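Consider the two complexes below, in which subunit A is the common component and subunit B and subunit C are the respective partners.
After this line comes the complex of A and B, so read on.
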C-alpha cells in the first residue's frame, strides 16, 4: 500500500530524512520508533503532505501513485489519515461541523452521496461512545480548550469516523494516562482490517503493548537503522536507544575514515 | 468673517439655509445649534497632525461641497425601501436622509415606551430633551459632534421607562439616499434607558445608490442605575459613503452595556465609541468586527473612562482585511483618580488576507488610580498555516479550509450578537462574502 524509497527530506535547507526505505502492506501494522529528533514526525507529516518539508530525493508511492503529485486534501480523500502529535485548536468551528464537512468532502471525491445531518449524528454518536468521550465535545469548538488527552482522543475519534485506508498515528500516546491509552488503543484496534494499514510513530514501547505491531522499525539520524518484529520494541524498552547510537557512531566513524582514505 | 474662500464656508452656508427652513424651533435648541456651529467653525476638520486623526485623513470632507440631503420622495425609491428586509424580530424606526419615515416604520407603543421621531418630540416641547440632548456627546471636544449638533432637526428618540423590560429589539434604520451632487446627513439618536429598565437596540446605517455622501452620526446612550442595554451598530453603507459616527455611552451605577459595532460597508469609516462609567459597579463591553477590502478604510477609536470605582470594561475588536484595505484601532482607557478596583481589558486582533492591507493598532492606558487591573493586547497575523494544514489533511480543499478559518475568526465576534435573527443574517452575509460560502451556510 505504501512504498517509500530512498526518501530524503529537508526543512529550511537542513536534511532531516537521509534515505528512508519502508514498505507497508495492506492489513499490516508498522511501528516507527526512535529517539527525539530522529525524524519520526517529519516522516509522518511528509506522508500527510505538509508543505514545509522539501523532498530532495527519493519517492513515496501510495497504492502505486506518486504521493508528491497530491495535495494534502487529495491524500485525505484517497484514504490517508494522520493523527496529529499536536492537534490544532480552531476556535469558532464546532467539532461536529468540521468532521461532517471533512467526511462529505471525502465522500464527494469518491463519488459517494453526502451524509445528511441525521445519519451523521447517529454515526458520530456511536463512534464517540467507543472512545469514551463526552458527546458534548461535538458541539464545542474544535480542540479549543481541550485537555491534552481530549485532543488525542479527538484525533482517534476522527480516525474512527473517517475510516481511512492508511492511518498514521504521530505520537498519539504522549500525554495520555494509562486508561486513556487503553481506550485509544481499543479504538484503533477496532479499525484493524485486512484492507487497512497502520503506521504507529512513537517514542515509547508502552502503546505497542495495546496496539501490537507486525513490524518495528527504528529511525535514528534520519535513517531506518534497524527493523524487526514486535520483540524489537521490547528490546528497545529494556536497552533504550543508546546502544543503537553507539552502533551508529561506530558506523559513522568508519564511514568518515573510509571517506578520508578515499579523499 | 466668513468669506467664500473659507474652507468651511459650505457648511456655514448650508446651515444658514437649513435653519431658514426650520420653523422657529425652541430657543434652547437654536442656541445649541449656534454654539455648536461656532465651535465647528473655530476648530474646522481635524487633520493628520491631530494625534487622534493621525492615521485617518478626512481632508476629502473639507474639499467636497456637501449639501444637506433632500427629501427622498421618489415613489420608486420609496418602493425599494419598503421592499427591503429590516425585520430583526421587533419594531422598526426608519429614517430616510435623516427624516423620520412613518410610512416605512412599524412602531407600536409598548407600555410607557417612547419611541419615534426626534423632531416631533422636540415639537411637543418635551423638557426631558433639553435635559439630555447633547449633554453627553460633547461638541466642544469633537468637530464632527459639533457639526452634527449644529444640524440637529430630526432623528430617533427612545426612552425606556423605569423597570420596563423591552421584550423585543428595536431596529433604527438610517438610510441615506444620495442624489447626483454630494450630499450629507447628520443622523441623531438619543436613547434613555431609565433605572432598572432593559432594552436591545440595533442601529443600521445603509445607503441606496452609489453617489457620494457623508453620514455624520451621533448616538447618545444613557443607561440608568441597574439598567441594561444591548446596542448593535451596523455600518453597511455603499463605498461612496464617508461615515463618521460617534456613539457616546453614559453609564450610571451597576448598569450593564454591550455595544457591538460591525462594519461591512462604507468607503471611509470612523467610529468614535466613548463610554463613561460614571457610577460604581458598571459593566461595559465594547465589541467590534470589521470586514473590509478594496480601498476601504475603517478606524475604530475607543475611549473608555472609568470615573467611578468597581467598574469593569472589555473591548474586543476583530478585523479581517483584504485588498488594499486599511484599519486603525485606538483603544484608550482612562482610569480617573478614585476609580479603584477598575478591571479593564482590551484586545484588537487582525487577520490579513492580503499583503497590501495595513493595520495600525494603538492601545493607550492612562491610569490615575493605584488599585486597578488593566491589560491590552493586539495581534496582526495571517491565516495560521498549521490550522490550514490540519483542515486540509482531513479532506477540505484549500479554499474551503481558508474560508472556514476566516469565518471562524469572525464568527467568534458574531456569536456575541444576542438577537438570533440578526446573528443568523450576519453569519449568512459573512458566508456569502467568502469563497465556497455555501459550504459554510450550515455553520450558522
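After this line comes the complex of A and C, so read on.
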C-alpha cells in the first residue's frame, strides 16, 4: 500500500530524513519508534503532505501512485488519514460540522452521495460511544477548550468516522493517561482490517502493549536503523535508544559507504 | 506563514454580482452644490418651508466645516462640486402604486433578488426600494397600516406625517453633528420612514433596499424609525451599486428613537461595490447611524455585516438615556483587495442601570485595512452602568492590517466595564488540518471565517444570516494571499 524509497527530506535547508526505506502492506500495523528529534513526526507529516518539508530525494508511492503529485486534500480523499500530535482549534466551528464537511468532501471526491444530517448523526453517535467520549463534544467548537486527552481522542474519533485506508498516528499516546490510552487503543484495534494499514508513530513502547504491531522500525538520525517484530519494542523499552544509535549508526554509515562504492 | 498564500491565491477572482447598470431616463439637478440646488431638491419634493429652511441651515453650517482627517482611511480629496446631488428615474407622480412603477425598475430589483411584486415576496418582509435619490416602491404598506404602522418613503412621510418628521428629524443626529451628516441634512433625497405605534409588535421585517445606479451621483438617504412605548420592530437594509471606475459617495443618516419598553433591531447587510482588485472605483460609505434609547427599559440593537464599499466609515451608536436601557452592536466588517474600513460604535450611558454590549469581528484579507474604533462613555448620572466589549480581528495573508482603537471614558465609579480583544490569523496549521481531512482551501477558509463570525450572524434574521454567509464567501474569493 505504501512504499517509501530512499526518502530524503529537508526543512529550511537542513536535512532531517536521510534516506528512509519503508514498505507497509494492507492489513499491517507498523510502528515507528525513535528518540526525540529523530524525524518520526517529519515522516508522518511528509506522508500527509505538509509543505513545510521539501523532499530532496527519493519517493513515496501510495497504491502505486507517486504521492508527491497529490495535494494534502487529495491524499485525504484517497484514504490517507493522520491523527495529529497537536490537533488545532477552530473557534466557532462545531466538531460535528467540521467532520461532516470532511466526510462529505471525501465522499464527493469518490463519487459517492453526501451523507445527510440524520444519517451522519446516527453514524457519529455510534462512533463516539466507541471512544467513550461525551456526545456534547460534537456541538462544541472543534478542539476549543478540549483537554489534551480529549483532543487526542477526538483525533481517533475522526479516524473512526472517516475510515481511511492508511492511518498514521503521530504520537497519539502522548498526554494520555492509562485509561484513556486503553480506550484509544481499543478504538484503533476495532479499525484493524485486512484492507487497512496503520502506522503508529510513538516514542514509548507502552501504546504498543495495546496496539500490537506486526513490525517495529527504529528511526534514528533520519534513517531507519533497525526493523523487527514486536519484540524489538520491548527490547528498546529495556535498553533505551542509546545502544542502537551507537551500534546501528556505525553499521548504517558503513552500509552507505559500501553502497556508494558499489554505485 | 507565507505558505498559505499560494493555494489561496489560486482561487478564481470573483465577479461582483450586482455590478450591472440599468439604462433608464433620469432627471437630475445641475451638478454641484449651492443654495439653488438645495432649494431645487426641496421644491422637487414639494417640501414645506420649515424643511427647506432646515436644509439651508445645514448647508450654511456645512460651509463652515472642514472634512475630518482623524479616521484611519485614506482617499484623494472629494470634489463636492463634481457630484450630482439628485438623480431620479423619470416617472409621472410622486408616491405611487406598484402597477405604475417602470418595468425596468422592477426588473432591476428582480435581478438583485428583491422581487417587489408582493405575490413573489420574500415571506414576511416589507420592502422599501430606493433607487438613486428616490423611493420607487414600498410593499405591504396597506397591510401594515391596519396595525397603525407607518412604513413609507421619507418623502411620503414629509407629505403625510409632517408632525412626526418635524418632531424627530435631527433629534438624534443634529444637523450640525458632523461633516457628512451635515452634508446629508442639506441634500438628503429619500430613504425610509417607519413608525410603530404604542404596544404594537411589527409582524414582519421591514426593510429598505438601496441601489445606486446613476454615475457621478451621490446617494444621501435619510432614515427615521420611531418606536412608541412597548413597540417592537426589526428592520433590515441592503445595498448594492454598479461597477464604476470612479468612486461614488454615499453619505446616509439613520436616526432611531425608542420610547419606554420599545425595541428596535436594525440590521445591515452592506454590499456596495467595493472597487476592483487594484482598488479602482467603489463606494465611499460615510454614514452616521445613531439610536436614542429615550424611554425606560428601551433597547436598540445594531447588527451590521459590512463586506462592500471601497471605504466604510461608520459607527452605529446608542444614546442610552432612559434608565435600564440597553444598547447592542454586533459587527462583521470584511476588507479585501484595497478596501478600507474604520468602523465601530459609540455607547453613551446617561441613564441608570444602562448596559451596552459590543461584539466586533474584523476580517482583513488582500491589502485590506480594517479598523475597529469604539467609544464607551459613562456619564456622571449613569449609576451602575455596564459595558462588555469584545473585539476580534482576523488576518488572512501578509499584506493586510487590523487596528483597534477603543476609547473608554468613565465618570461614575459604579460602572462595570469589560473589554476583550484578540487578533488571530488563519494559520498554516489550521489550513493543513482541514486539508488533511479532505476539505478544500475555499471551504476551509469559509468555514473558519464563518466560525469566527458566528456570534454576529446569529443576531441576524434567518434568511439574512444565510445571505450574509454567502456574501462573505463571495467577498473572500480570489483575494486572499
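We take it that the second predicted complex is superposed on the first by the 247 of 263 C-alpha atoms of A that agree within 3 Å, B and C clash if a C-alpha of one lies under 4 Å from a C-alpha of the other, contacts with A are read in each partner's own complex, and residues count from 1 in each chain.
FYI, contacts are C-beta pairs under 8 Å (C-beta built on N, C-alpha and C of every residue); 3 or more make two chains touch, one makes a residue touch a chain.
Because the structure is a prediction, the values reported are computed rather than measured.
After alignment on the shared subunit A, the placement of subunit B and subunit C results in a clash.
Note on the chain A alignment: of 112-120, 130-138 or 364-372, the part of subunit B that runs into subunit C is 112-120. Residue overlap on subunit A between its contacts with subunit B in one complex and with subunit C in the other: 48-52, 71-73, 75-77, 81-82, 84, 87-88, 90-93, 97-99, 101-102, 105-106, 109, 141, 158, 162. The residues of subunit B lying in touch with subunit A in their complex are 384-387, 389-398, 400-401, 404-405, 407-412, 415, 439, 442-443. Those residues of subunit A lying in contact with subunit B across their complex are 48-52, 71-73, 75-77, 81-82, 84, 87-88, 90-94, 97-103, 105-106, 109, 117, 141, 158, 162. By the touch rule above, subunit C contacts subunit A in their complex via residues 3, 7, 427-430, 432-441, 443, 447-448, 450-455.
For subunit A in complex with subunit C, the touching residues are 48-52, 71-73, 75-77, 81-82, 84, 86-88, 90-93, 97-99, 101-102, 105-106, 109, 141, 158, 162.
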